[in-house]
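Note that chain A is present in both complexes that follow, paired respectively with chain B and with chain C.
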Partner chain A sequence: MAEGTGRTLSTNEKKKFDFGSWIIIYISAALFIFLSLTRSNFFNFNNIHSILYGVSFNFFAAIGFTLLIIMGELDMSVGSLFGFGGAMMGYFVFTYRLPVGAAMVLAMLLALAIGLCAGFLVVQFRLNSMMVTIGVMMAVKGFNWMMVNKFGGRQLPSEARNFVSVDFLSIRWSIWLMLVIAIIMEILLNKSWHFKQLYYIGHNMDTTILYGLKAGRVKILCFGLSAAVSAFGGCLMTARLARPDVTVGANLEISIITAAVIGGASIFGGRGSIVRSMLGVFFIFLLQNGMTAYNIDSYIQQIVVGTILVAAIYLDLRFNRKKG
Partner chain B sequence: MKTYTPSSAHEMGIRMVHQELAVFENMTVAENVYPDFKEKKNGFLDRKRLNEKTQEQLNLFGLKTIRPSAPMASVTLGGQQMVEILRCIAAHPKVLILDEPTSGLNDSEAELLMGILRRLKSEGLTILYISHRLNEIMQISDRVTIMRDGQYVTTLDNGPELTEADLINNMVGRDLSDSLYSIKQSGHRQEEALLEVKGLQKKNSLNPADLTLYRGEVVGVFGLEGSGVVKLSRMMYGLERREGGEVLVKDRVVKPLTPRAMTDRKVMYLNNNRKMAGLLLDMPVTDNVSLPILKKVSGKGGMINFKQLQQISTEFIQKFSIALPSLTTRPRNLSGGNQQKVMLSACLAPEPEIVIVNEPTRGIDVGAKAEIHSFLLDLAANGVGIIVFSSEMPELMKLCDRILVMRSNSIVGEVPSSEFSEQTIMRYAAVDENE
Partner chain C sequence: MEAVNRIIKKNEFISAALCAALVLLLTVAGGVFWSRGNLDSLQANIAPTAIMAFGMMFLLILGYFDLSISSTMLLAGILSAKFTMMGLPIPAIVLLVLLAGVAMGLLNGFLVSVVGINALIATISTQYMGYGLAMTLWDGVRGMGRFSDSFVALGSGKFLGLYWMTWVMLLLLAGFWYFLHSTPTGRSLYFVGGNREAAKLMGFNNRRVVLLAYTVTGLLAALAGVLAVARIESPTQYLGENIHMTCMIACVVGGGSFAGGKGSALGAVLGVTFMSLMTNMFTLLKLKPQFQNIIVGLILIAVIVLDGWSNLKKMREQGKI
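Here is the complex of A and B:
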């Protein structure tokens, strides 16, 4: 039984060891060990902490994405909405002099509305979610750049930077938050019916509708959640930079889809796990960190990530495609 | 002949009009009649000539309302069907095959078609006319071949002594001595109405339909393909949009009419095609059985009680004697009969009071079939109301207290169990009493 499809309700047969689902652990561990052994400045607290710190922001774009991919939908707008969070936070702070926290909440609410609209279009008119969210991605990205240019590099008040730099046991709070969310979500996905139904919907939406699940509504809500939570991550990232910037969330959707798929999610739906998506994001960051440590050009890094995405999608197709 | 393909048949002068329209909607009528027209004038397609030729054909058959240059999409469904027939005729075939050609035509169009076919016949064209409308067959044919369940039955000469009853006798006449099929002796009293369908309708797919199901009763619905049976079953469960009418469960209108509203009222639906919907083919059997009852077996905070779920699944597996290597087996790896039993388990897990079953034994072995029949009869004996939509008459006669028959998107008759016979039912399903 693959862990990816949630806890099996009962097992009489011995659990087979499922190599495929947890492959992300082995490759992350292998890469981690490799870098520790070959690069002297890799294995120290500051470097690892800074990798995790970066992962913790981007992880927020992976939460909703994973819930949606479990249901067989792709949300390519997470990167843009990540940036949107930061841009709108800046807008509310600069234009209306709102406190950072209030600006953050408003930005998330706006993102929520965008996500719900996209979800509504996908569910109501049975549009292809990848196409709809690519449209949303383009539109929101254009809007973000417009906003950021308008601010012309203005700095956020110091409270923003201070807000994200709070430590707990000498580790940034956002890292703790990421771990807590990942574990709680993982438990809910396996044990609560609210989340367990996502796997059922991903396997066969028509079946779930037949038996009375509100599959359409669940999908719309998850699109909203994905957008709002991505915006939250973008707000934190922007606060860390202390100013809205067009690089926030740029190309993030590509990293996230790669992370989710190498974390065992299937673009055909029915599989996926938050903890493994988190490990996927960690792997991508580790890889980028490692390549930088080896002085590999950033363009080449892009080629590598792209290649990994194609390979992951191929393996997904090979092993997870529903047999007709 | 080494290979027989559509293109070799084409070369030999055989043309076929399919039941489903195969027209180019975004092209003109003329282009549909002559799809391979190649005559050119000044290097360009000679449209004028094309339209003239088409007009000739249209005139020949008295189709005055259709213009050759009109886009196909603007022509009525009946008109499109006529154009498609025209396309075949225009190719001067040696053999013309028509599959249910009148299914999309109204009465006057059908009459027109009959006239055209008679003329073509007198001109020496051989026509193979496939239909389940007996009056058309009687009108047009010289000889009638009857098929049943994918098998050749007989060929009869259409002389003055041939009657519709002869055709019906050959269309039915399954061997009912088989113990699998016995006719139900119904002593059912209609006391407490569980489910009422009132005037459910949708333009071009379902004429207003009424149906009442009483506690402990099994009502069958029979109809040949395309008679609206599937539409009715889907619409009454809220799976398809309706344009009028309502469904009442225990005297209360279900509003809005959605599958969720129905399951909340203890109505469950067994799908007709288990491969499409009704199962989670790649999830463990236990997940399949649990899906409809997930919420019910979850405590506060929505945490699932796995022990209880496992217990319920095991109960069903034993009750239905589902042959399973283990509880984690996925339905995809099971036989059709066992898949069907898993789907039935899922439907019955919420302990429904009303069950709508569609083709409950399609494509499964005889043993599993008999088992499923006896489960359904037991359910009814315990007070559950069951509506069975099935294309198998013997199955309906075994299970039902009465059978409703559909034809041309309407419920056209009701047969009580005391009058059950395949002839009676087939007469309603295939013969238009008004003609």
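Here is the complex of A and C:
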């Protein structure tokens, strides 16, 4: 599994027990086995397939988020841009009768523009990215709400609904896409110089600038990418729900940040991996699935996820805080 | 001329000018603004928000934030209903709800100052948890209907033409003004917030002050929740929605800064008044609430950018970057 990411700069870090990298695999496996043993209807193809299907949508919000957290930036707008993708897809399909592919591309381009603007503001004025993206989140959420209200719960035409439920080797294509992207990104982050620079920027931005890396430009691009890819995930989710809805992407940022941090990313930057973020999303889904199987109220699930986030951040603080 | 210059340079000047401009605009736009009903609803809007904004300003001066106040307010509203249904007397209800607010504040303060978690992440997770907690309780109070008359009086009782909650706000304004301006502890906050490292070297105990600030913020959010829900007269799950954003914008418009070390109690009130006048304008212009969210989000971004820009300029002048 993804070993060695983010450790390129310091050698003495290897001596320490690498807590963050492995914990996600252990706890996911433990939870999986626990649920298989205690719930009779858990371990069957349909249930696990539907969990993975759900994970495959949210994963798209985690890609850009992970790239940004590696650079020490937090993008809280992924959830609202996820919803934005779906709302805009609905808008283009309903209003201009565009084919669903074109509608998705347009929605992603608009999201890209929003992400680039947010990234520009963060880099240009050296702002706290979490603060800026909370503002973006709020504005975009209001916009989504306005758009979705306009449609009044209309169903998408069948061609805009059915493309998402196409199977390949009896597994949904979005799951395959997720796995392929995760593996390719993982290899790139470990091997390609272009992607490795994200870790350098996360470790020490000022030094990378001295060495001639265009750190600001990389960050802006990643903000754009994060927004566009989240919007793509939102389009798929909306197609699955069959209509644009305000619940698409609601509170998603909390699960994604939790997923990334229990997947070994550090909010101090310099660490993180796409495969482990994917496992983090899987873990959160598994947990919610398990709690639902145990008839635990969805609001209590919210409290549990929040507690896990705080605990994960605390462990991150204990194990990953930069010295000095 | 000297006096004019001094007033313009005050941190509160911008918010005061913005408020004056909006009042003028609303007066010119139509007669409804100065009507009794509108002024009452404006008061009921400003007072709870300003009560919370004092806490937020306290934190901002220290260089921290609290995003969880909206869920604390909601929790306070729902707990008031819960305790009313349990048949507790009103003083006990208020006391217990305020204690719940203190607990939320202590949790935040513990996470931020003792554990050392980034304030934004800590309080956004407690916001998420607090909302979950409030909504689990919500099912039990959904069908409650109206509060008792004596509880409602907390929110809509008047004294000399102003609501009780407005008097509470004014009292807190005086208290915070005195604390921040005339006590050594209050004055040291600006120093701590402006330069945390130097303050630590000089032996100021940041941790305890930060813990105190979060606790006070939680307490004030619960107080605002009780007053607001008493004014609405029945529990609602929409109480306090997005109010943490409103408070944050209000404090920065009123002269606070995300970098810490700046701000005043009067600025908080003026900032909140500005935000309430804006909402009032939207309502009088019959703008949809969703549209208001977009505008508030955009204002937040603008405020963050302007604040960041001025900090950047200051740091360049000081030669720090």
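Keep in mind that, in the parts below, the second predicted complex is superposed on the first by the 306 of 324 C-alpha atoms of A that agree within 3 Å, B and C clash if a C-alpha of one lies under 4 Å from a C-alpha of the other, contacts with A are read in each partner's own complex, and residues count from 1 in each chain.
The definition used in the following text is that a contact is a pair of C-beta atoms (placed from the backbone, for glycine too) under 8 Å apart; a residue touches a chain by one contact, two chains touch by 3 or more.
The shown structure was predicted, so the numbers you read here are calculated from the model rather than taken from an experiment.
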Dominant contact partner of chain A by residue count, chain C or chain B: C
Partner chain in contact with A:208 - chain B first, chain C second, else both or neither: first
Contacts of A:313 with chain B and chain C, given as first, second, both or neither: second
Chain B versus chain C as contact partner of A:300, first or second or both or neither: second
First (chain B), second (chain C), both or neither touched by A:193: first
Which superposed partner A:130 touches (first chain B, second chain C, both, neither): second
Those residues of chain A which chain B touches in one complex and chain C touches in the other: none
Of chain B, residues touching chain A in the complex: 239, 259-260, 262-264, 268-269, 271, 276-284, 286-287, 290-292, 294-295, 298, 301-304, 306, 309-310, 313-314, 325-328, 332, 346
Residues of chain A that touch chain B when the two form their complex: 1, 5, 7-13, 191-194, 196-197, 199-200, 203-204, 206-214, 270, 322-323
Interface residues, chain C side, partner chain A - complex: 67, 111, 115-118, 120-122, 124-126, 128-129, 131-133, 135-136, 242, 245, 258, 288, 290-298, 300-301, 304-305, 308-309, 312
Complex contacts: residues of chain A adjacent to chain C: 74, 76, 121, 125-128, 130-132, 134-143, 145-146, 149, 251, 254, 257, 267, 297, 299-303, 305-307, 309-310, 313-314, 317
